[in-house]
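Please find one structure pasted underneath; my questions will follow.
Letters A, B and C mark the chains as written, and numbering starts fresh at 1 in each.
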Amino acid sequence: MNFGVIAEYMPLYTEAFFLTIKIGWIGIAISFVLGIAVAFIMHFKIPVLSAISKAYIELFRNTPLLIQLFFLYFGLPKIGINISAEVCGALGLGLLGGSYMAETIRSGLDAVPKSQTESGKALGMKPLLIFKDIILPQAFATSVPGLLANIIFLLKETSVFSAISLMDLMFTAKDLIGLYYNTTECLVMLVIFYIIMLLPVSLIGSRVEKRVRYKMFGA
Amino acid sequence: MGFDVLLKGSNMSRLLGGLGISLEISLISVVISIVLGVGVGMLMTVNNRAVKAVTRVYLEIVRIMPQMVLLFIVYFGATKAMGLNLSAEASAIIVFSFWGVAEMADLVRGSLLSIPVIQYESSKALGFSKLQTYIYIIIPQIVRRMIPLSINLITRMIKTTSLVMMIGIVEVLKVGQQIIEANRKSSPNAAFGVFATIFILYFLACWPISCLSKYLEKKWS
Amino acid sequence: MGEILTLKNVSKSFDDLVVLDNVDLSVNKGEVVVIIGPSGCGKSTLLRCINGLEDIQDGTISYEGDVGMVFQSYDLFPHKTILQNLTLAPVKVKKRNKAEVNKEALELLERVGLLSKKDNYPRQLSGGQKQRVAIVRALIMHPEVLLLDEITAALDPEMVREVLDVVLSLAKEGRTMIIVTHEMQFAKAVADRVVFIDGGSIVEEGTAKDIFENPRTDRLKRFLQTFSYEE
């Protein structure tokens, strides 16, 4: 292994790393907002909207992110909608993630016993207050492992951003391999940066899971 | 809107042929994953520190490494480091199996541990050998739990085959791109129609399978 | 003493199944009404209808003030401490002053002997303790009428007493309560009036003495026999 090459490529990789992280986490933030909204709609079985939500979840869970991105990036401009690669990446990841988050949160909501809603009602609480103060916190606690798994999944999915010419880690590695053939160094750096990006989340994941449980239920 | 391109010549049958390659890669990988995964999963229940450490690292690698990165390592790295000249398809199958075996093994391990110790003890008391205990008592019990989840793995693999075009395999997405390129002049809007079609093709390939998986999970839980 | 709760011709059915059939019931202020009857006779549904958890198909239910309810399965909020379980509704629903609610919650906890548990989570309490908290959670909303739905049915036998003692003391201080229970000794001790429901309608009602010692209908006699053993 040639460490001179590694030093030389470092700035390129660092830049790509931060771009990947930025778009990845923006996408994750979008997916949370979308996921909570969709789960809310499906939990309350709001007519029309809940049918749309169901279709959305099935569509995005059963198609690859890459093709979703291609569609957004290359397809939409053809019908007059233009978005930048960065927006496209974050939006695509957010849409994909939203469908996963919605499923996870919804199953968390469904796992809260119906009697919890009833005792809220018996205390005179309005449906929205019951949802916010009683159902959602409990659903969130049971969903934490699933939500963390989704975050890891979405961070991994960022590796397809290169397909829409976003200069992310994959793009940089591929580009440099193609240009200079320093395959080993390029791949090692690629792996290391992905470890930096994902290992902490994976490790913190199992910690937080325990702590949230503790805090939520004091058990 | 660019859907007309698909009706030209053999474009649609080429797309379907590409989808066929995607399905082929995922099916071969799933079969390998199930066979090896059951073995590795049983190995993981063995009380041995070295085995535990190795399998833990293996699982963590699969958990955090994007499949795309693994594809690059195998396709570009193996060629260079070991002088192997792996075809893109072979690389894809290796990576998918590497990932699938880990998932199956973790599943098998979980199911095995969920079976009460008393089951093993009573089989022993009845004079079954260790192998017989697995074949007649334990494995039939875990199969039901695992089938829905392995079906679910198939859909995820089909979706992930979309990545293999990045290492040059001519599957559905690659065919789509070729069609768009070839018809750039005659139908400039082809991208919308072609990508929309591929989107739907993937959906049609995966959706019935995930419905089946959900159905079995409900039925057997 | 005036009427505080009145049910007129209340009927309730789930699809084709009639659960309550033309029920008339009125409860006076300070009165403790105990409802008894076989499983599935509609007594729990009656409470749920009074509280608005179930819709009724016919008749009217009218009452003054608020109605509080305690359930068989306590249903404390598992993600909140005992104190938070008590203060949530008064603060958020009644918009009462938080410090004042806290003070009242602590007094009530002290009264049921659970002050030391105020910062614990429901999971750390025994069934009997949880049920006492659930009673306090209903009381702190200052309901005019308190509905108790088989509150000891899910408890281990040795915990039944501690919960029923709390209810007895509430009865003594003149609370209006409607109690559904299978504890016949307790019913005798606490009831001003006992109502026997069977098949969705009121079959017999009267003082505890009337109902338990001089049952008039065969249905009530048969029901009471299931609780006694021939010697």
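Definition applied: a contact is a pair of C-beta atoms (placed from the backbone, for glycine too) under 8 Å apart; a residue touches a chain by one contact, two chains touch by 3 or more.
Quantities reported herein were computed from a predicted structural model and do not represent experimental measurements.
Placing every chain at the mean of its C-alpha atoms, the farthest one from chain B is found to be C. The chain closest to the protein's centre is A, with centres computed as averages of CA atoms.
Taking the mean of the C-alpha atoms as each chain's centre, chain A and chain C sit 47 Å apart. Note: centroid distance chain A to chain B, computed from Cα atoms, is 21 Å. Work out the mean CA point of chain B and of chain C, and you get 56 Å between them.
Within the complex, the chain A residues that touch chain B are 58-59, 61-64, 66-68, 70-71, 74-79, 152, 156-160, 162-163, 170, 173-174, 177, 183-184, 187, 190-191, 194-195, 198-199, 202. By the touch criterion given at the top, residues 113, 115-116, 118-126, 129, 133-134, 137-138, 141, 216-219 of chain A touch chain C in their complex. Residues of chain C that touch chain A in their complex: 51-53, 66, 68-69, 71, 73, 75-79, 81, 88-89, 92-94, 120-121, 123-124, 134, 137-138, 141. Those residues of chain B that touch chain A in the complex are listed here as 1-2, 60, 63-69, 72-73, 76-77, 80-81, 155, 159-163, 166, 173, 180, 188-189, 191-192, 195-196, 198-199, 202-203, 206-207, 210.
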